[in-house]
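What follows is a pair of complexes built around subunit A, which joins subunit B in one and subunit C in the other.
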Partner chain A sequence: MKELVAIVMAAILVNNYVLSQFLGICPFLGVSKKLDQAAGMSVAVIFVMLLATAVTYPIQFFVLNPNGLGYLQTIVFILVIAALVQLVEIILKKYIPALHASLGVYLPLITTNCAVLGVCISNVDNYLTATGGFAGGFVQAMFNSLGSGLGFLLAMVLFSGVRSRVDKCKCPECFKGMPITLISAAIVSVSFMGFAGIVENLLG
Partner chain B sequence: MKNNKLKILTNGIIKENPILVLILGTCPFLAVTTQASNAIGMGAAVTFVLLCSNVMISLLRKVISDKVRIPCYIVVIASFVTLVQMIVKAYLPALDVALGLYLPLIVVNCIILGRAEMFANKNNPLDSALDAIGMGVGYTLAMLAMASIREIFGAGTWFGMAVPVLKDNNISIMTMAPGGFAIFGILIAIINKASNGKAIKKKDFSCEGCPSAAVCNGQNCAEKREAAAK
Partner chain C sequence: MEIGIAVAVVGVIGLLCAVMLSVASKFMAVEVDERIPMVRECLPGANCGACGFAGCDGYAAALVEDPDLAVNLCVPGGATAAASIGKVLGREAGDVAKQVAEVRCSGTCEATSVKMDYKGLESCAAAKLLFGGTGKCVYGCIGLGDCAQVCPVGAIHINGGLARVDTSVCIGCGLCAKTCPNHVIAIRPADAHMVVDCNSHQKGAGTRKSCSAGCIGCKLCEKNCHTGAITVTDNLASIDYAKCDGCGKCIEVCKAGCLVALNITKAEVVNG
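Moving on, here comes the complex of A and B:
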């Protein structure tokens, strides 16, 4: 149990996907202008990350590895994620239109989000050989996805707050727009560097 | 005619530099530019995938039906990425370790899908190849510039060679995550200043450069534009 908490905490704070691993930068810079959009996008990302891990991890374990097809990982994973996102969108549209209205617009953007493919690949790389066979590794992988998604949410929400202030401020003409956004992202990511080592000390 | 070909080639290097002007494919740009040698490796890998996929998609542009084009592009791109992964693993194991996760992630690099969608499916293979080379070289040069700054000041080395004085006075935050964001911001600001703001004129994240535009029908951008108008 302690181990799983450590995985989630590490994924949220120490190895934050956006601010220390540079995955999912496009939505981080593009959709972080307003708080509600940032939160909506992040919830959609968490959902797709969990779903994608739940599907790709068993595929790697039961289909690709036993048949020596490990090299097909990239192709299979991206296709599975793309199909999954489409499927989820169709299901939401048909059965839960309210949720589709709030999350729907973000779903297509997630197909090409490197954070989702990144979490699937790193789960397979890190937890496939974990002790406890399939179930042990699978649980760890799912918790890692949850943590990574929550880390993405945290970064997006924090940054949209910072950004709403920054956009109102005067800055040199050539820094307007993207440059000043990146500089503020740098400062937000400095604050996340402070979390290095926290998980070992808290739970170790 | 010849002039036109040259224009396609240089378009990606300067006028529409994929990173510094179009701001596409930022994730690996920030992540692997801690060392100049990694930047060259990543740039070469992206250029190769871009060239192959652009030519292939251009050849297939009359075969692929419009409705399923995005999945088709993804399959083509993913196949070439797998090829690159195998080559790098076999011949350059050190680079494979350094690039790690970012090598398979070339699949979701917006530049490649973006060029397929914006250029290769409308033009003949030769023009597409030239466009891919231009974009690839532009990407590699931008990566190299960023990596050189970060490596020289952050680690005091360049391509692994020690730089006098700076070696003992390195600013290590430059090679860490915050340094990546800050230097990228400053580079874009310099380009803005140099071109008098012409290069990036309110262009941030327009549908033009967004590979998802086809699927989202500009819903997101329309919302953003409304927000900007207010």
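Moving on, here comes the complex of A and C:
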């Protein structure tokens, strides 16, 4: 149990996909203007990450590895994730049209989102050989995806707050818009460096 | 052999995904109001935004959703578009007056001249930042063609240092009027009898100094107009197109030559 909590905490704070590993930057910069959209996008990412792990981990464990096809990981994962995102889009369009409209172009962006692919691959790399066979590794992988998704949510919500404050400030003309956004993103990500080592010392 | 397994594995996974997606799209298809694409077909697709919506798709969707929305907001499509939309939606079309852009300046190279040898960016907006533009008249057409660039149908050309609108091509979307940094361009009815081709609010002497074709605000046209269509405010004549009956009297009396006849009914007028 303690181990799982450590995995989630590490994924949120130490190995935050956006702010420490710099994956999934496009939605981070694109959708973080408004808090509600940022939260909606993050929920979609959490959902897709969990779903993608739930599908790709068994594929790696039961299909690719036994046949010695581990090298097909990237292409198969992209294929599966793309199909999943399409499915999520169809479902959202049908049942939650408001969220679908507000996510707009960003939901298809998850298709090629490196954060989602990155989570799947790091799960396979880190937890596939874990003790406890399939089930043990699978549970750890799912918790890691959950943590990564929550970390994405945290980064998005934090940054949309930062951005709304920055937008209200007077800033030099040449920094207006994207430049000041990138600078603020850099500073927020530097602040996350402070979490390095905190989980091992807290729970280790 | 090994590559066969690899191909088979990826192929089967792809096939499963495809089947899943096609089943999902069948069962969870969202019904789109079929009138939206039909209305969209009636619109010209210039996406100029003259209707006030974000492109033709936005206007089509709004038309279907809001039964009180006027069907004749599309300027480029004109009466034909309004009529066909009205047919699709079963509403009265109403009239669309065709409108065109008018560059309200007569400051050709002969009539006026430049006050500097501008070597900067080829853009009116940039030139405007430098002492109010290149020309002697700060109200007139700068002639670097910001309007020509933004025109979706290529109706504007720079001729003799002055932007000119080809009214047979112009769709009246008003993008040029929004772009012009001097607000020289205005949208007028296509069947206007005459126009004031000057935008200078300077006093008569000032206008004279910078341009030989500018309106000096002498009010002769205002006094001679029998319908009261012309009024001179801030040293510049302006026409109420609804009142003007095209008698052409004002053009006869105009000393400056800023009034231009387009469609004069009663008098034969040669504009000096």
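Here is the rule we use: the second predicted complex is superposed on the first by the 188 of 204 C-alpha atoms of A that agree within 3 Å, B and C clash if a C-alpha of one lies under 4 Å from a C-alpha of the other, contacts with A are read in each partner's own complex, and residues count from 1 in each chain.
As a working rule, a contact is a pair of C-beta atoms (placed from the backbone, for glycine too) under 8 Å apart; a residue touches a chain by one contact, two chains touch by 3 or more.
Nothing here was measured: the structure is a model prediction, and the numbers come from that model.
Student: With the two structures laid over each other on chain A, which partner does A:Ala185 touch: subunit B (first), subunit C (second), both, or neither?
Tutor: So A:Ala185 only meets subunit B here.
Student: After superposing on the shared chain, does subunit C or subunit B touch more subunit A residues?
Tutor: Comparing touch counts on subunit A for subunit B and subunit C gives B.
Student: Have a look at where A:Ile198 lands relative to subunit B and subunit C in the superposition and call it first, second, both or neither.
Tutor: neither
Student: By the touch definition at the top of the document, which applies to A:Cys174: first (subunit B), second (subunit C), both, or neither?
Tutor: After superposing on A, A:Cys174 lies in contact with subunit B but is clear of subunit C.
Student: For A:Leu79, is the partner it touches subunit B (first), subunit C (second), both, or none of the two (neither)?
Tutor: In the superposition, A:Leu79 contacts both subunit B and subunit C.
Student: Go through the superposed model and pick first if A:Ala101 touches only subunit B, second if only subunit C, both, or neither.
Tutor: neither
Student: Contacts for A:Leu69 in the overlay, against subunit B (first) and subunit C (second): which applies, first, second, both or neither?
Tutor: second
Student: Where on subunit A do subunit B and subunit C both make contact?
Tutor: Looking at subunit A, the two contact sets intersect at 72, 75, 79, 82.
Student: In their shared complex, at which residues does subunit C touch subunit A?
Tutor: Residues 2, 5-6, 9-10, 13-14, 17-18, 20-21, 24-25, 28-30 of subunit C touch subunit A in their complex.
Student: For the complex, which residues does subunit B have touching subunit A?
Tutor: It comes out as residues 23, 26-28, 30-31, 70-71, 74-75, 78-79, 81-82, 85-86, 101, 104-105, 107-110, 113, 173, 176-182, 184-186, 188-190, 192-193, 197, 200, 202, 204-205, 211-212, 215-216, 219-220, 223-224, 227.
Student: Using the touch definition up top, name the residues of subunit A that touch subunit B in the complex.
Tutor: 19-26, 29-31, 33-34, 37, 71-75, 78-79, 82, 105-106, 108-109, 111-114, 117-118, 121-122, 125, 172-183, 185-187, 189-190, 192-193
Student: Mind listing the subunit A positions that touch subunit C in their complex?
Tutor: 59, 63-64, 67-69, 72, 75-76, 79-80, 82-83, 86-87, 90-91, 93-95, 97
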